[in-house]
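Structure provided below as structure tokens; questions to follow.
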Amino acid sequence: MGALRDLFKDYRFAVGFFLLSFLFFLVIASFFSPYDPIQWLQVPRDKPPSWNHILGTNSKGQDVFWEATFAIRNSLIIALIAGLISRIIAILVGFIAGYKGGFTDRVLMGITDGLLVIPLFLILVLVAMLLREALTLVNTGLLLAFFGWAWDARTIRSQVLSLREREFTFTSVLSGNSTLSLVGKEYLPLTIPLIFSTLINNIAWAIGMEIVLAILGLVRLEIPTLGTTLQWAINYQAMLLGHWWWILTPVVLTILLLVALYWFSVSISEYLDPRIRIQRIGVK
Amino acid sequence: MNGLIKVEQLQAFYVLEAMGKKKTVKAVNNVSLNIPENEIYGVAGESGCGKTTLLKALFASIEPPLQLFEGKVSYRINGKFINAFTLNDQEKRELRWTYISYIPQGSMSVFNPVKKLKVTYLDFLESHVRGKAGQDLLSLARHHLEKLGLSPQVLEAFPHQLSGGMRQRVAIALSTLLKPQIILADEPTTALDVVAQRAVLQLMRDIQQEYKNTFVLVTHDMGIHANISTRMAIMYAGKIVEEGPTPEIFSQPLHPYTQFLIHSLPRIGDKTTRKSVPGAPPSLINPPPGCPFHPRCPEVTNLCKDKMPALNNSSEIHRVACWLRRESSGCHS
Amino acid sequence: MVATLKAQNLTKVYSLGGLLSRNKITAVDRVSFSVQPAEIFTLAGESGCGKTTTARMILGFEFPTSGKLYYEDQDVVGLKDKKAWFRKVQAVFQNPFETFNPLRKVECYFYETIQNFHLEKGGGRTQKLFEEKLEAVGLSLPDIAGKYPGELSGGQLQRASIARSLLTNPSLLIADEPVSMVDASLRMSVVNLFREMSDSLRVSVIYITHDLATAYYISDRIAIMFRGNIVESGPVNQVLEKPKHPYTKLLIESIPQPDPRMQPKTPIQFLEEKEEYLRQGCKFSGRCPEVMEICKQKVPEDISFDDVVVKCHLYHK
Amino acid sequence: MRFFRDYFIPRIIQYLLVIFCGITAVFFIPRLTGQDPVLETIAQIQSQGSSLDPTAVNSLMGTLKELYGLEGTLFQQYIMTWKRIFTLDFGPSFFQFPTPVADLLKTYLPWTIGLFVTSTLISWVLGNILGGIAGYYSRKSWSKILDAIIMVIRPVPHYIFGILVLILFAYVWQLFPAGGMMLGRKTVLNLKFIMTILRYSFLPALTLVVLGGASWFQQMKLLVQNVKREDFVQYAQTGGVKERFIIYRYVLRNAMLPQITQLALALGQVFSGVLIVEMVFSYPGIGLLLYRGVTRGDYNLVMGITVLSILTITTAVLILDLIYPLFDPRIRHK
């Protein structure tokens, strides 16, 4: 595949790709975990990393490595739900506001700017405080999705606004295309890279937000995610007691995951950038 | 009539690297010419014929992907010809605007949008004139504008407050601020309406008559050349195909391409059908062998197909690069 | 004979600035003209005179603030069924490199047009129709098949755009500055194409341009626009050979003729006229060489001489 | 005058509208989710082991309803909420019972504002200048290395980066206290007191400046690479204008404008970052208050913080919007 060969020339893609496949391997491993994710006291507690417990064990009596595999899986589930659903809202708002223009544009953008300016984090916390027990994986994802679309709706709208003025929009309308097929055939190929990179940024944001919600104790703490593992580690004073392996695992894994996602998305969106794709077509 | 710039066997190509494939675009292909003193020297040709690249070479600003393969561009500085490409960046910077300057095509976004024009003028002056206070430089600029019939009030405005025509005149005033000997203009009036264009051409003519400097005017519009250029070169596929004084070029166009360029232009009051050049413009990546115009030339011969005609004198001031036109100089076609 | 298209006092007013601002710009001011079948009608004028806005109002991309638009004597302003309208009226645009989406093959637009307007009527008709229209504009199938816009020259793209617009056999084609971005040497081939099409396919063309020379060469009637008004309109020979309105004279005089013997004309005094839109009376009075007092107060009405119409106080009876 | 009407008034209207919608949303959220904060609090108390007989529960319910402003019809409650907001009275805090929320906020808010304003300004200025120069000399090797480093820092969320800084500086190298500066001491403005403030706020400020700076750096680098290709920069370069002028007066000056609007838009997120970092370092700001309020289910406190934050952020955004024309003459002179 020519594309892959080109992509690997970019060191960021190579690093991002390998990190992601390593983490993906961990997610797969979580299905073969010998330990139950929620049960306590399955292993001797507070053991430093050793051969049979690669990353040691924590004060809850669970193996840190296998807990971590569950944590990544659950965090990714939440983040993917949040990312995908917020994309749908962002694309809808962005395309309608961008294409319709006039009054609808002014209203939609008024709401979006309002949402941007208000510190959403606090309202999110307020809502989570009330939902508290109901915040299972899916619900947290939905909650984050509802608060995570405003920023990207704005960027998508500005790109649609510029596309609307381009002459091929009129050619497409004159060719009898309905608004829907116009958006699908003409605008999507040009906005895919933007939507893709905003998806990755939103996933990173969602993972960060989930951690903070967990620290505030607003999610179901028994389900292992990157946030809840960190929350337990802090609650049991892992830093003070020197259980560095327990607290560093979620921190390092989160950094690896987010750096990988970011590098992967930056290199992909540069590769998909319409200007460069056009040059590639020209050179065939 | 000695020349100001001598161009000898200049070959400047764009080397493009995409998807592992290397492509060289032969934009300026073995061009030699003499830019005279006290003249408006016109370069005519269509998009993709290499006239803008020739300007870059004349301006000695060759940056990747453009590379100099061969040839020299020499400036005549106090009597001596110096190869412009041997100058280092500092020397080049000093020559800019004091010896040679440049008028951009669209003046839409050529000035710093967030600063008054006064500040942009001062930027140029302070970079080239030493030992003068801001105020003196400003009065120098105001005086220059008044001399060109522009109100100095324009310096207090921001670029977006002026119309296209006025902005282009301010750009021309800026390019002639430090009295350079040569002013290169790349399609200076294409972005303007016909009335604004007339005013801008009028300004350029007045400046040339006033300061006796040389304008190198690049445009595809033969009407502008007829109107203002005193001497002309026609470029096609990176080569000069014909060169001579403008009245002679229009009265006796020798090269078939020049004939097409002139006769294909519609004129008010004359409805005779106009034919455009057959075929498609040549690719500069692999230009056709022999004379580059042969695929589109109605009088093509085998000689044209395999050997490239040199640009030589059909008369001592009128040169053409075409096998059919060489011997029978002065014949009317 | 019923006029293909008739515009009566077509007007478009834009309000600048936010919701509260009251300064309005009249881009198109009570424009009236009519286009006969198989006729090439030119809308000429400098940039910002409202010719493109007028074209967009005819195509339905802009909604007129007031005025009427008749297509074969049916009122079409605010026509709901856009598809029926585009079967009868098509358009060609200025920048050939922007007419087609750079990431889609050029032929997609042809197949979409044929499909959306149900032109194929079964069998291999689609391919044949596609080829037939390409030949009509001097292109062949291998030139276009499977190619992206980036792989074609400006001239080829513009011809493809014309071919696409002919697919539905429209009776009116709007060409917005169709040749200004095409190479000078190939320009005449595209201009001749419009003439051939208009004669052979009985298509009336509204040719929008700032270049009076090509307008004189191919069109039958012409309207000169200035700051939203039609200042002079009529048969092209009369309007351009014996111009009446001072602005038309200025335009014709300013065209650089490709003939060095015609020495440059009298120098003109360049006026920085930014606010011509908001001017009282005749909008040209700011720089009109034959300006009178009345020009500054009253907006001139249309005065007609056999079939030339002039909007200027000089000719007031 | 016309400029005032076209530019300022619409923005002031937007400002009032956003505050109105924000506070209305904060008012309706607890009432819409069907969860009754009163029952929630009672469940909280009982879960902490103290058993209450039914009559005590009823009287507690009555007082709690009054405390949370839940009597009367929805509309009455709405009007009452607005009245209380105007007098900045958010009712008593729950976990420090008699002290009203307003007092708590008065003592903690100045700390947050101090940290928020200083760290945002430093990160914005630093990030933009570094990003601008790296963007201008993007082919130089130092710019590529710096870019790679920033690419690692940028995606890391505030909490995680905070923990890393805390572990490194407080536990491993033990240079700075691990937070927990005790408030309530008399704020006497002598050198010692200022030194303690600096010591305690260094790590949170460092986290915010590095993270904020990384994102401003990236955005500015991209902007500068685009502005570098603009006609007016190329023209200045062809004209032999000194490089010093070109970098500052042409490239940075123009690339800075979108960064101001970006700052206005991002203030909401930057503020959230400040609150999160305060939690990590238990810095005595409203972030810490929020942490305690949420973990103890103190609705009044959380509502108070939310409303106050909306007011501060929207005002800051309004200020930024109003000073923008000073930087961009294209808006000042139509």
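Which chain is which? They are A, B, C and D, in the order written, and residues in each are numbered from 1.
The definition used in the following text is that a contact is a pair of C-beta atoms (placed from the backbone, for glycine too) under 8 Å apart; a residue touches a chain by one contact, two chains touch by 3 or more.
Bear in mind the structure is a predicted one, so any value in this text is a computation, not a measurement.
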Identity of the chain that, by mean CA position, is farthest from chain C: D
Pair of chains joined by more contacts [C-beta pairs], B-C or A-C: B-C
Chain A and chain C, separation of their C-alpha mean positions in angstrom: 50
Geometric centre distance via CA averages, chain C-chain B, whole Å: 32
Whole-Å gap separating chain B and chain D, where each centre is the average of the chain's CA atoms: 56
Per-residue multi-chain contacts in chain C, two or more chains: none
Multi-chain contact residues (two or more partners), chain A: 282
Of chain C, residues touching chain A in the complex: 59, 61, 82-83, 86, 90-91, 93-95, 98-104, 108-109, 112-113, 115-117, 148, 150-151, 161, 164-165
In the complex with chain D, residue positions of chain B that touch it: 59, 61, 92-97, 101-102, 104, 106, 108-116, 119-120, 123-124, 126-128, 158, 160-161, 174
Of all residues in chain D, those that touch chain B in their complex: 230-232, 235-236, 238-242, 245, 249-250, 253-254, 257, 327-330, 333
Touch list for chain A against partner chain C, complex: 166-168, 170-177, 185-186, 189-190, 274, 277-278, 281-282, 284
Chain D-touching residues of chain A, taken from the complex the two chains share: 12, 110, 113-114, 116-123, 125-127, 129-132, 151, 154, 204-205, 207-209, 211-212, 215-218, 230, 239, 244, 247-248, 251, 254-255, 258-259, 261-263, 266
